[in-house]
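In what comes next, subunit A is part of two complexes: it sits with subunit B in the first one and with subunit C in the second one.
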Partner chain A sequence: MVTKVMQIILSPILALVVGVFFLGLARKITARIHWRYGPPVIQPVIDMIRLFYQKSVSHGFMFDLGIILSLAGSIVVVLFLPFGQICPLSSSGGLLVILYTMLIAPLGLALSGGQAANPNISIGISRKLILSLGYEVPLLFVLLTVMTHYKTISIVQVVNAQQSTGWSLISCPLCLSGLSYFLILPAILGVRPFDVSSAPQEISSGPMVEYGGKYLALATIEHAFALFIGIALFVNLFLGGAANIVSFFVKMLVVFVLGLFINAVFPRFRIEQAVKYLWKWPTLLAFLGLIITLAIRN
Partner chain B sequence: MDRNQITKWFKAPAKMANKYSLHAIYFCTGCGIIEVPPVITSRWDAERFGVIPVATPRQANLFLITGYVSVKTLRAIIRTYEQMYEPKYTVGFGSCPVNGGMYWDSYNTIKHLDKYIPIDGWIAGCMPRPEAIFIAVTHLWTLIDKGMANGYIRYRENYKSYRRNQEMALGKLEWPPLYPIDSNFEEARRE
Partner chain C sequence: MSLELLLIIAFGGALLIYLLGKISHKARDSFAVFISLVLVVMVAYFYGKTIEKTFYFGFFGLPLVLRLNMLSWFFAIAISSLGALCTIFSLSYMKGREGPDFYYLMMLLVNAAMLGIVLAGDLVSFYIFWEIMSWSTFLLISYNRGPALAAGMKYIIMSIVGSLAMLIGILSLYTTYGTLSISAISAAIAPASSGYILFILIVFSIAFGIKNAIMPLHTWLPDSYAEAPSPFTAVLSGMLTRMGIYGFLLIMYVIVGAVSALNLGTGILKFNYILVWLGAITIVIPTFIAMLQNDAKQLLAWHGIGQGGYMILGIAFGTSLGVVGGIFHTLNHAIYIVLLFMSVGAVQYRTGGERDLNSLGGLIKKMPIAFIGGLLGISGLIGMPLTNGFVSKWLIYKTLIVEGYPFLAFAALIGTWGTILSVYKFLHNMFLGQLPEKYKDIQKSPFSMQLPMIVLSLAILLFGILPGIPLKVINAIVTSFGFESLNVSLWGIASETGTLNTINIFSALLIAAIFVWLLFRSTAKSIPIAQDDNYAAGAYIPKDKYHYTVEFYNPLYRMIKPFLRDLIDEFYYRIASYIQTLSDSIRCVYTGDVGYYVMYVILFLAFLIFVQLKWKPW
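Entry: the complex of A and B
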């Protein structure tokens, strides 16, 4: 009981530390790819300290509530994700719960932005929803394939099955799904080349346009959580989870740095190009994986 | 980061974080736009000092005004400045915001930007080199350390006179006062 409570408190903190570290590392590595020196790795922490000390103005009740809702949604998803041997809510839920609760975070941001009534926010949110329409289709195929292959909806059992049979990324039909998930990962995280919803140059960073002070700090924390969730789900489903925390984070780091190389050199898609891409190659691969898995199972 | 700065971080975290996280909003009025991209990209990488450009005044705490300020632009500058959250710092870039520069006798430009919004530092020159932005940033660090980068406090304390100057340049302002101004001044303004 005590260990369970400890895990419930500890795992969001751990996820936050890792997510913020990734944010800092992203800026450093991107700078190095651009042949710049780059900021220190703790730059996001400095920014957050500054933002929490800054004054800020609320735009209404929903503006406060929505950002807290999205943060709470992210923390709930983190509690359902096993990393290493830590999984506070392993007995309950599973992939279906994660699939539903992952929607709370962008929904909270949309509610919060709706109160601020800035036209840039409405454009950003509509782009975000169209983009999620784009990546939800291959994501559903991928998760269906994994659930069909392992005949379970529990993510812990998926991890345990991979401990005996090896990574699903290198097993035959699931490698297609894994590849598909990696291709849509930037869209799930909302980073370049899929940062249409928060494009600073086009729509003044979209839903973030009215956030400043502690609201922006909370939004940054939410982004760190989202980064952690997207990559941790990939590691759990396709890289076999891990026996301990350290190897789990090393795997996450490898996936993150690989994704960062794409992020650093590619320009931004337009929204219709993004949906066209998402519904073509990742969907095709995921659908092929699902068909083959079903054929093998029957 | 210097090792001897760690004690400073524990003593005054807000001051240190303000120093090393200057999110800048660039107001490139006419000239000066060409000096900014080399500063923020690979040539002179401002990000290593924590200076990055942001798209909206809500997220920014450094306001960089480059080039001459026409009367029409002044309206946008004041609105942008008032949307920023405190503490906020302002830097005028180039000769024209300082004293009019080569537009000293123009009918359509503002000669002294400091009359309309408070400025914490100036970069003189026509045009200054991009490195001058770094010199300005390091000077701003010193000012923040000494508590002398207090433009936003001056704006709050002397808002009445700033507002009067703004109304003299722009006519009637269509937005309400940022800070409360006392009633007899309001009456005088209405007359």
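Entry: the complex of A and C
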């Protein structure tokens, strides 16, 4: 019981540390690819502490509630994800619960921004929702393939099955799904070349434009959690989870840096181009993976 | 207390209200609420009882049978409680409109007829109650005149087609078995040939499929929902349309029986398999059509069709998880869609009937209860965790995945994402964004509208956090169909391939939200500002001139619009226009002028004489 409570308290903190570290690392690595020096890795932490002490404006009840709900939703998702051997709420729901709880964060941000009545926010939210419909098609095929292959909807069982049979990524039909997930990962995380919804130069950061002070700090924390969740899900589903926390984080780091190298050199998509891309190659790969898995199962 | 008393009060109360309305409006209103609450209490009293009663004064010498079991009790309690809430909601909505006496008469008549349908123990009384329901619905849909008349006409024509199909089935059953009592038929039908059972299932499926608006029989629904008065649209979408689900349960699992209904046909050409695919199509296409709507009620109406697909999918899939999910989703859908239509109704009431999403906005500060109702309603519709819609959808997804039907599961899941896009637009365009100048002094909704919305909002959360309350009843229904019982506790479902524990999710979210809220409160305070005081990167935003969310999903529209025409509706209209042309050409012959008819008679006689003279056949 005590270890359980400890895990529940510790896992969001660990996730936050890792997520914020990734944010800082991303800025540093991108800067180096661009031949710049870049800010120190702890820059996001400095920014956040500063933001919590700064003034901010509020547009009303939903503006506040939306951002609170969105961050709380992300924390709950972290509790359902196994990392290492830690998984505090694994017995309360599986992949379907994760999939649906992941909705709370973007919807909370959208409702929060919605009350601000700013044209940039409207454009940003519209793009964000369309993009999510775009990556959800291949993502659902990928998750259904995994669940059909292992005949379970529990993520812990998926991880445990990989301990004995090896990583999903190197097994036959699931490698297609793994590749597809890797291709849509930047869209899930909302980073380049899929940062259409927060495009700073076009629509002044979209849904974030009215945020200042603590709102911006909370939104950054939420983004750090989202980064963690997207990559941790990949590690759990396709890289076999991990026996301990350290190797889990090493796997996450490798996936993240690998993705960053590819994405940092691409310019931003337009929203139509993004959806077309997402519905073409990743969807095709994921669909093929599902058909082969189904054929093997029957 | 007995079952016939319940029906007598239901029907008698409806007629009495009409007469009372001629005397005093106040008395009529309070009596309508009183009668509908009495019905709730009476139905609640029958919990867990099994009754079958025969009266020998029936129609054409056929006995009238009333029967009550867990299935009919479940539907009856939903009908009566939602009916009572909608009647309370009507009180202010109908104030100052013409013909309220007639409205209340029809509203309570529809309720009474629905109670009659679920309590009927023989197919004749089932059919009579079904027709009373259809016709009073027709009168209520066309209550507002104008475009509502056309919508009502479309409804009643499709409804009659369904009723005729059902009548063929009933007559065929009567000639084969010599009885129309449901329990007698279900006992006798087992040895029938599979061809005959298929015939019975198909004719009844046409009737129930039209009522439940399964594609391709859905076309009556969007216009009817949009044109009916909002409190009645709530009844129509909540329970009346779902009488089709009751019908499917009755014909598939009570009359024919699970064993024969689920093994009809071979391979992929099974009866229930085809129904499952129709359900999947019904989820996907209407959900995406809903994204293109700009009319709040049309948008919800298309979701009404789409959500019906989940119920059919679960029920026809025929595993115990699936059937439980399908029945539970029927209840959940009723709760949140009634709430959403009430929310729209409250906005309409205050804005003078406005339901165009592109001219509303910013009402959150003016109508907070309607906003909260709308927020919880869309959360249920999406199926967010901790709302009731999540649990029933979870049951359906789970059985589809574990049994190895990922493509059906994909159809069901992608429906959710289509839903998010359209309902965000729905909520945002009504309650968030800019408040137009003309709605600056709008009042909040009256108490008789707030009360039902609060009750339903609480019900959404209650059934989402403690789904065991209704699942216990549904489990009993499903066990009576012969499926295996589920391992249901108050807060979730346990099984080997993945469990659900809603109370843990709830506590986690609550604690996380409290923690974030404390962090939010303890740091620097924010300054509240006016809605037009915002940052536009140096550009000037004129006041009250633009609506930022018109054509909200335009980039997506351009990609998917060509695929989303309602071809089926166009097909029906084409048939209708062919029939019209045919009738017009017949009209050239049947002119209605006696002179022509005399001429026809003479020509015919001349023809006969000619034939006789030439060939001498007689």
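Convention: the second predicted complex is superposed on the first by the 298 of 298 C-alpha atoms of A that agree within 3 Å, B and C clash if a C-alpha of one lies under 4 Å from a C-alpha of the other, contacts with A are read in each partner's own complex, and residues count from 1 in each chain.
Rule of thumb we're sticking to: a residue touches a chain if its C-beta (ideal position, glycine included) is under 8 Å from a C-beta of that chain, and two chains touch if they have at least 3 such contacts.
Computed from a prediction, not measured in an experiment: that's the story for all the values here.
Asker: Following the overlay on subunit A, give me a clash-or-fit verdict for subunit B and subunit C.
Answerer: Fit.
Asker: Taking the superposition on A as described, I'd like to know which of subunit B and subunit C A:Tyr37 touches: first, second, both or neither.
Answerer: First partner only.
Asker: Could you tell me if A:Ile153 is touching subunit B, subunit C, both of them or neither one (first, second, both, neither)?
Answerer: second
Asker: Examine A:Ser164 and indicate which partner it touches, taking first as subunit B and second as subunit C; both and neither are also allowed.
Answerer: After superposition on chain A, A:Ser164 lies in contact with neither partner.
Asker: Going by the contact rule set out at the top, does A:Asp64 touch subunit B (first), subunit C (second), both, or neither?
Answerer: Second partner only.
Asker: Take the Cα centre of subunit A as the vertex and report the angle out to the centres of subunit B and subunit C, nearest 10 degrees.
Answerer: 110
Asker: Subunit A residues in contact: does subunit B have more, or subunit C?
Answerer: When the residues of subunit A touched by each partner are counted, C comes out ahead.
Asker: After the superposition on A, what does A:Leu129 contact: first (subunit B), second (subunit C), both or neither?
Answerer: second
Asker: For A:Leu79, using the defined touch cut-off, is the partner it touches subunit B, subunit C, both, or neither? Pick first, second, both or neither.
Answerer: The answer is second: A:Leu79 touches subunit C but not subunit B.
Asker: After the superposition, pull out the minimum Cα separation from subunit B to subunit C in whole angstrom, please.
Answerer: 6
Asker: Do subunit B and subunit C land on any of the same subunit A residues, and which?
Answerer: 53-57, 204, 209-210, 213
Asker: Would you pull the subunit C residues touching subunit A in the complex into a rising list?
Answerer: For this pair, the touching residues of subunit C are 361-362, 364-365, 368, 371, 375, 382-385, 390, 394, 397-398, 401-402, 404, 406-407, 409-410, 413-414, 416-418, 420-421, 424, 427-428, 432-435, 492, 497-501, 504-505, 508-509, 512-513, 515-517, 519-520, 523-524, 526-529, 531-537, 541, 546, 548-549, 552-556, 558-559.
Asker: Any idea which subunit B residues touch subunit A in the complex?
Answerer: For this pair, the touching residues of subunit B are 1, 13-14, 16-18, 20-21, 23, 41-42, 45, 47-48, 50, 54-56, 58-59, 61, 84-87.
Asker: Touching residues of subunit A toward subunit B in the complex: what are they?
Answerer: Of all residues in subunit A, those touching subunit B are 27, 31, 34-40, 42-43, 46-47, 49-50, 53-57, 200-201, 204-205, 208-213, 216.
Asker: Enumerate the contact residues on subunit A facing subunit C in the complex.
Answerer: The touching residues are 8, 12, 52-62, 64, 67-69, 71-73, 75-76, 79, 89, 91-97, 99-101, 103-104, 107, 110-111, 114-120, 122-123, 125-127, 129-130, 132-133, 136-137, 140-141, 144-145, 147-148, 151-154, 157, 204, 209-210, 213-215, 217-218, 271-272, 275-276, 290, 294, 297-298.
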